[in-house]
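Read from first to last, the chains carry the letters A, B, C and D; within each, the first residue is number 1.
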Amino acid sequence: MNVNIRERDGVTILDIQGKIIGSDSLDLKRIIDEQIASSAEGEAKLLLNLAKVPMMDSSGLGVVVAAYTSVQRKKGRIGLLNLGKSINSLIVMAKLITIFERYNSEDEAIAAMNK
Amino acid sequence: MNVNIRERDGVTILDIQGKIIGSDSLDLKRIIDEQIASSAEGEAKLLLNLAKVPMMDSSGLGVVVAAYTSVQRKKGRIGLLNLGKSINSLIVMAKLITIFERYNSEDEAIAAMNK
Amino acid sequence: MPEEFVIKLELPSEMQLIYVLDSVVAEIVKEMQFEEDAAEQVNLAVIEAGTNAIRHGNKNNLHKRAYFEFHVSNECLTIVVRDEGEGFDPDDVADPLDPENLLSTGGRGIFLIRVSMDEVTFSDHGRKLTMVKYK
Amino acid sequence: MPEEFVIKLELPSEMQLIYVLDSVVAEIVKEMQFEEDAAEQVNLAVIEAGTNAIRHGNKNNLHKRAYFEFHVSNECLTIVVRDEGEGFDPDDVADPLDPENLLSTGGRGIFLIRVSMDEVTFSDHGRKLTMVKYK
């Protein structure tokens, strides 16, 4: 798993590449935690671009849930961009589909998260 | 391993994709033998495009040697196109580097094989 | 492919080696020509089972090993995962779909195994997991 | 990565399974961060050894198995390949670089193993091959 971080219109976009399995989730958690910690109250806007993530296991999903909770606590927002079929069904199975903001285009995501 | 077969200016080009290891060599041998069998004396011109072959084992190399011998017998020609570093060094190690015609461009190969 | 055979893999308890397991499963489901959805479900279940064996069973102790068997037949793939830990009671695991657990950061592994595979059986006090996926 | 550990793989003698072996080796050399050339040499040697074990040793008999051990340490990768065949005399193999063998269609496997790896030892009458690659 590789993560590239960029900013766009006040939103921090994490472009993740590769499966998120095993110990990858610890690495991802560290990166996300840093981003949240360095944002001021109400400013944490995180967009996880999963276009190049073919698969995620339950620990990966746990990291996304943890990120959701931390961001909520800081009155920020977190969005999931470009979910593939398998990660989408993972989220459906875990009954988290109504919890996460999901987007299929970056422009749309940025616009929505800045509203 | 996948093989796509096309014709260009009297040369049969085999675009091979994927490693040639294990039982792949039997499949490749069957395909090459068919091509040679269906060519008339002096007309068998075979170009193996290895651009998308990251690796070949000794049985794969054996198939290429067998193809060389059959083609010679039919007064035809065989060329190797776009050898990667690892297959090139395989051929060097096997002391076959002076035996095979090698090309780095399809145009060049076609021109040379039609001379 | 022949009638029925077994592939075995044995890993020391190091989470970074989960990628070795992942690649073996990927090749087997490809070779068996599982459909894409089923292939992904098998892949997920094996990763969850391997992770549990290494983390919870063997507690990342490099001297303890995780054992994987892949029984390939024409109709199905049967996977056996064993660890060398203290075992646990698989029936005593919290339901991750219970509203109070929905936002929990863990506890979804066994649930995902159960929904991904067609048959799931724990034995030897949870140290042995047998799971089947039909084609 | 930890100091030293062993990964084991066991395959029935079916040539199509060479891709399982291939994927395991690929993950191990990646994890060990071998340089590209060395990684390719290890990959080639293992494929040749696995092919020989399955084809020549076990004669594609599905009830006979090929055993692979990958001993990973900080300095090197040691690979042990065993088969359940009748064995052979590795010193009695024709030299593929001999001019009269140059255009032979086979007989290059053991030669390629020897040039690709740093240490190559046959034992148990050729049924066991131990090979080492340093980083």
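Throughout what follows, a residue touches a chain if its C-beta (ideal position, glycine included) is under 8 Å from a C-beta of that chain, and two chains touch if they have at least 3 such contacts.
Small disclaimer: the values here were computed from a predicted structure and weren't measured.
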| item | value |
| --- | --- |
| Most widely separated chain from chain D, with each centre as the mean of CA atoms | A |
| Whole-Å gap separating chain B and chain C, where each centre is the average of the chain's CA atoms | 43 |
| Computed distance of Cα centres, chain C from chain A, in Å | 26 |
| Interface hub residues of chain A, defined as touching at least two other chains | none |
| Where chain C touches two or more other chains, by residue | 16, 19, 22 |
| Contacting chain pairs - touch in the sense defined above | A-C, B-D, C-D |
| Chain A - residues contacting chain C, complex | 19, 21-23, 55, 57-59, 61-63, 65-66, 68-69, 85-86, 90, 93-96, 99 |
| Chain D to chain B touching residues, read off their complex | 15-16, 18-19, 22, 37, 40, 43-44, 47-48, 51, 96-97, 102-106, 108-109, 111-112, 115 |
| List of chain C residues in touch with chain D within their complex | 1-2, 5-12, 14, 16-17, 19-20, 22-24, 26-28, 30-31, 62 |
